[in-house]
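Two complexes follow with chain A in common, the first pairing it with chain B and the second with chain C.
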Partner chain A sequence: MQPEVTTMPALEVTVLVSVGRHPLTGRTRRADQDARGVELARSLADAQVRLLHAGMRDESSEAALRGYLGMGFTQLSLLEQPEGADVLPALAEALDATSPHLVIAGERAERGEGSGLLPYLLAERLGWPLVSGLAAVESVEDGVATLLQALPRGQRRRLKVRLPAIVTVDNAAPAPRQSAYGPARRGAFETTAGPVSDDEEWAAWQVQPARQRPKRLKIVKAASARDRFKAAAAKAEGGGGQVLTDVSPEQGAEAILMLLREEDVLR
Partner chain B sequence: MLDILLPTLIFAALVLAALGAWRRVRLWRRGRASKVAFLRGLAAMPRRYLVDLHHVVARDKVMANTHVATAGGFVAALGLAVIVHGLGLAEGMLGWLLLAASATMFAGSLFVVRRRRNPPARLSKGPWMRLPKSLMAFSLGIFVVTLPAVGVLPSGFSQGVGGWLVALLLAGVVAWGLAELVVGMTWGGPMKHAFAGALHLAFHRRPERFADTQHGGYPSTGLKALDLDDAEAPLGVGQPADFTWNQLLGFDACVQCGRCEAVCPAFAAGQPLNPKKLIQDMVVGMAGGSDAGYTGSPYPQTPIGEHQGSPHGPIVAPASTKDGKALVDAETLWSCTTCRACVEECPMMIEHVDAIVDMRRHLTLEEGATPGKGAEVIDNLIATDNPGGFDPGGRLNWAADLELPLMADVERAEVLLWLGDGVFDMRNQRTLRALVKVLRAAGVDFAVLGNEERDSGDVARRLGDEATFQSLARRNIATLSQYHFDCVVTCDPHSFHVLKNEYGAFYPPGQESSYPVWHHSTFINQLIESGRLRLAPGQASRVTYHDPCYLGRYNGEYEAPRAVLKALGVELVEMQRSGYRSRCCGGGGGAPITDVPGKQRIPDMRMGDVRETQAEQVVVGCPQCTAMFEGVVPPTGDEEVAVKDIAEMVAVALDTTPEATLAPRDASTPQATEEVMS
Partner chain C sequence: MSDLPRRDPRQEWIARNRLHPRHAEVLLAAGQGAASEWQGPNGLVRRNPHAIGFVGPNGVKRIDRSGTQQGAGGGGAMRPAAERKPLVEIEAPAFLVAVVPDMAGGRLSGHDRDLLGLARQLADADPVARGAVVAVIFGPHKETSFAEAGVDRLLHLDSPDVAGYAPEARLGALTLVEEAWAPRHWLLPDSKLGGGELGRRLAVRLGERPATSVWQVAADAEAVMGWQCTARGAAGSLDIRRPLSRVALALAECAEPVSETRHAATELALPQPLPSTLSRIQDLGQVSVDPSGVALSEAEFILSAGNGVKDWPGFHHAAEVLGATEGASRVAVDDGFMARDRQVGATGTWVTARVYVAVGISGAIQHLQGIQTCDKVVAINMDPGCDMIKRADLAVIGDATQILEALVTLVAQAREEKRDAA
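Then we have the complex of A and B:
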């Protein structure tokens, strides 16, 4: 008997890209984390990578988006949205329609709300699992991806997740390749008008530049360089807290809810 | 017998040569179009050959005379041989002239033989080793066969069996000479340089470099702009056919003399670059094939015979083909410091730096493959207008106490002081403070752009990022156009070169740059000569002066810094390689950014040159050179040689006796002049 030859369908990956903002000059640019997401997608074998952006198209945002095209793409899908629109429904609909296997996004945007909530809200709407803080995608087999999640101080956690899934990358992911002018200039925008939903709350908000939050000083009393190093490399020790193992989902949820009430997150 | 053989041989050689020429021209025409003044170029060719080319060749006196005798003798002998032997017109003087010409050529060829006996490493071997013999064959052969024509030998000397043999032998010798010197000229032999070289001189891509430098001409060193508005035009050179046809022609003109190799700092440092091999590789790419036939020094660390190319194949293997090899490796192109030492030395007027930057443009703009910190530097330039990624709002932080007048406030000043990106560098800030002190002491009315200034674009351009360069250039030009000033002065030769020679192409239509740009050494010298700046001489130190590439070779300024040093009264000892032969500090062309490893570092070698002079200080006029030299660790036991910018030298020698101090014309900040170093 001949073994059955199955041609693996290409892994369809959509990277959500946004218009970034340089921290010093405020000029638009490709957002750093999103670019890392694109780099991650490019490193996947047999992946068909699609770039997706929902937002306004004007001169400065176009220049920034071309930064992603310059990483070696011929086109970028653009869901045109007016300024201040809530892009969530449009993105959810577009992803639902194209049903990619993997959606990659940056942890948070460099402009606008920048709350970092979008991937979670998307995952909730689509009913897909979400993995945050990805360092690498190790392999994809039979619809299951093996992921490497970045934890503080260089630790990594290996996870398996069933596709389709949404993953987010932060600065632990490999640095993005250079964006080249030629492909950036030639790349095309494939524009579609998605559903527009006005973000009424956003319209009522007042936006002002963020002030740097004061950081609590960590005072290290160390006599030797070795002690200082140990102090710097030590895990942050949370005061209190508890580790729950072998509990039922209800018990776990109960514990989380209690904590949120204690911390005044939920009232 | 010879009466039949000789004309046949001569005309056969000419026909074959014409055929070869046609083929060669077709090779060049694979390149892109380039506008040249065709007839004017041809008409100017003899002068370019006799004056400009020989100006370079004559730096080696023996070789120059050898070349005059051999080449002059050959051209005359060939022309006369066609008349005398080809057409059989030996009347009167012609035969005698032919004898004289071939004798001269023979004399010249003896020197060629001598040079080839122990050829220096920079010369190619292979077919080049047989060239002296071919030269002798041609000149001797023609000489002997001409003897009967003038009646020295009886014309019947080639009768009888013995005569037949002699005739055949002579014809063979002449045929050998003709094959090498006439046929080989267009079929890729060593003599190709004569054919391609003559046309290269006529159709040179920079005809302005032949302008008579004594009569207001200038070294043509600014890079050519890439047309970014034309979406069809290739962004740089990715394959040999992307060069313009006259660039390809230029590569073909190389005589493999290796003068460029001998002066290349990257080659000497053991980085994988040899300008001569690079030009030969371009010839290989243009014709298609492998570099196995190359007989000169290889790129350091790179064996010969592993690379090949074709006119429409890639020059650098794309990154996706791992370990792939094409015509040259990317490291070769990124090793160059754009110091122009090779161009300065090349007797064939080949433009290596143009070619290297053209190929870098492709790597950066199309492949996104700027190595080392290149990509980061370019991103910084795009986002913050300076290569270090510093806050562009902090350009004047170093001068908070100097109260420099801002152009935005005064709008008009005698001098616009271009500070450069050295404002972010603590070492260069010392130079800038010294320069401000000098200008104030001379009562110069100057102003700075402050935060309105951007990087000049020099580094972006040498890294191949023409798009970022043009964007910076256009915005800087727009800023400059708002203000009125008599001249621009800067202490950075790179900004100086770019502002002076490269911004001209980017002025909006109908406008042009209307101001001279001076390097601070030139300007200080003017101040001294016009008596505006008084110095208290008497610094009794022994110094040497390093010519920055972008001031010297790029802009021909060798005199002013030396004149200033003379006015300071210091003892100046020249390094062996100074002036137009100055050796690069290793800081140009983005080389410290791309950082291609070699056997040693270029600045270490240059500091070795400095130490040889036993000078206590090395005087420089470039922030880049200062940084490179100060990064050199002296060999154990040796004393540190101080690195001083020329402005710092002047600032400590200012004559501050009351009668010498002029009231500053711009009286805004008298208090700040005091505390600048001592």
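Then we have the complex of A and C:
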């Protein structure tokens, strides 16, 4: 795709893309996290990005996959698999053959079991390190990537990992660009047949649309009427807190600082 | 055996009836007399009011005026609620259920407790052959209530190898646990923080296909492990009913947390030391993010301003120095000092901060609703009687402006010292 005139060896990146599902309409679309992964790969300097999908090819999935092509690609490698097959062997073989430096995947698929296990299985099978929940790739130098991992509560952690590696993308990664219609139409599928293995367990499970989870009731467990009354009549919960009256502002501040330190929220 | 006092109406009746032939005998058997009533040296009857009465089941002292007293002695402080729960000890467990809680912020989270509740459900299903729940925790912690959360055995691994983000070292440790005890079940929280990742790594290493996003577990004699579970699939849009696998990753509220019993939480140790693994992933530590960019609902540390804040530039400066996300009460927002999206409370944002510092907020019920799930609340207020003080874990009574100033000075000082030392 890119001219091979760069002095540095290009960073070969493979993005695993899947067919997503719109949360409201249920129609197929490009999967959100995978699209973020493609965007992440696009933002890397000197990267040779390849899209890889293993699955069935039909009208609706093709429409969804063309969404990725519309992000500025001319082709997408497709490993054809029947519906409900285990795509691991096919993907592992394809990755083994091309041996990219970096493999980017979403955290969980939007259809099927969606257990988020695939990147881990691939990592174990290929013997590569895996980093989950990426927000950004900061740099890649001398076969070592510096990554920014998204933590809960909007926090970030910086990690260094030796390539080749598999990374999964968090929802905190930059939003994907829009898919352009023209390139999406023009893009080609490079179809290969991979090894097929059926997923028998999945076929044996009972699958139905998710039903609303029951709301947890707040049960006051009290041994006696007196405790129940106290629980019902209590106004402000908590209590038993430490109250500092008649202290100088400095002493008060010190007590607060101690609590903040204890809770480890000061950086 | 329950230690509730048992009453025997006939004995009581005899004790009340001084003409009954067995009166003296019964009084003696009831253990009454000597301690609470005796004849003084001058022939006067002496009574000790502290010695009569007994402590009822709820810790309230009762005095039985009928003449009999059940259980001599008295007074004594009420035992703390935790100690009144029956202690369950499992000496020789039939099998083990291993749980790896997230321990976010060094404490068991609500999710962890639900998971331990589920582990108890699995362990206690068969009253004849009960299992024990082993909690495996990594790194330093501040938790004191493992026993109340339902932990029978505690394996605390605290070596520098497994601190921070070290999934490979932690996986190595869990593999050792597997080799040493071969737990029947492995339960991990399916959370972003670590359980979700560690559990998947473990399942892959053990060659198990884990049940992920499990939210319901029910006994089923026909299933492989004797349990059937319901798990979410396809980004939460499917319910998958399948047999429970050996490794299971469960969602929050998958079971009720343990509330009625206390467990031993005895410390375990690994039979062999942790192998030093050469990690291919290097943790460079957390990156400081702009706290004002963090959504209020998921901020970890919030400094919230109310009507009691007079010095607004000082407040913003304090938030910046402390690295806290700013919040506000409705009054502060209505008066135009803070943006609308910073409002905490019923009509604002429900926050989940671990530490919430309320500066000059009285604690109206609409505001308190918004901070229900906060772990630690600190109040700075002039009024020692306000509701925020009742809710707070630490309350400092005084002028907000001065206290914030002092706090900023202290923090800046500490940072300065650290820089000099480095």
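The definition used in the following text is that the second predicted complex is superposed on the first by the 204 of 267 C-alpha atoms of A that agree within 3 Å, B and C clash if a C-alpha of one lies under 4 Å from a C-alpha of the other, contacts with A are read in each partner's own complex, and residues count from 1 in each chain.
In this section, a contact is a pair of C-beta atoms (placed from the backbone, for glycine too) under 8 Å apart; a residue touches a chain by one contact, two chains touch by 3 or more.
Predicted model, so just to flag it, every value in this text is computed and none were measured.
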item: First (chain B), second (chain C), both or neither touched by A:Asp86; value: neither
item: Touched partner set for A:Lys160, first chain B, second chain C, both or neither; value: second
item: Winner by number of chain A residues touched, once chain B and chain C are compared; value: C
item: Contacts of A:His22 with chain B and chain C, given as first, second, both or neither; value: first
item: Touching partner for A:Thr245 - first (chain B), second (chain C), both, neither; value: second
item: First (chain B), second (chain C), both or neither touched by A:Asp34; value: neither
item: Common ground on chain A, meaning residues reached by chain C in one complex and by chain B in the other; value: none
item: Complex contacts: residues of chain B adjacent to chain A; value: 231, 235, 364-370, 374-375, 378-379, 382-384, 389-392, 465, 467
item: Residue ranges of chain C in contact with chain A within the complex; value: 57-58, 60, 104-106, 142, 165, 168, 191-193, 196-197, 200-201, 203-205, 209-210, 212-213, 215, 232-242, 253, 259-260, 280-289, 293-295, 298-301, 322-324, 354-355, 357, 363, 368, 375-378, 380, 384, 387, 389-399, 402-407, 409-411, 414
item: Touching residues on chain A, where the partner in the complex is chain C; value: 21, 23, 26, 108-117, 120-121, 123-124, 129-133, 146, 148-149, 151-162, 165, 170, 201, 204-211, 213, 216, 221, 223-224, 226-227, 235-239, 241-250, 252-257, 259-260, 262-267
item: Residues of chain A touching chain B in the complex; value: 22, 24-25, 27, 29, 70-72, 177-183, 185-186
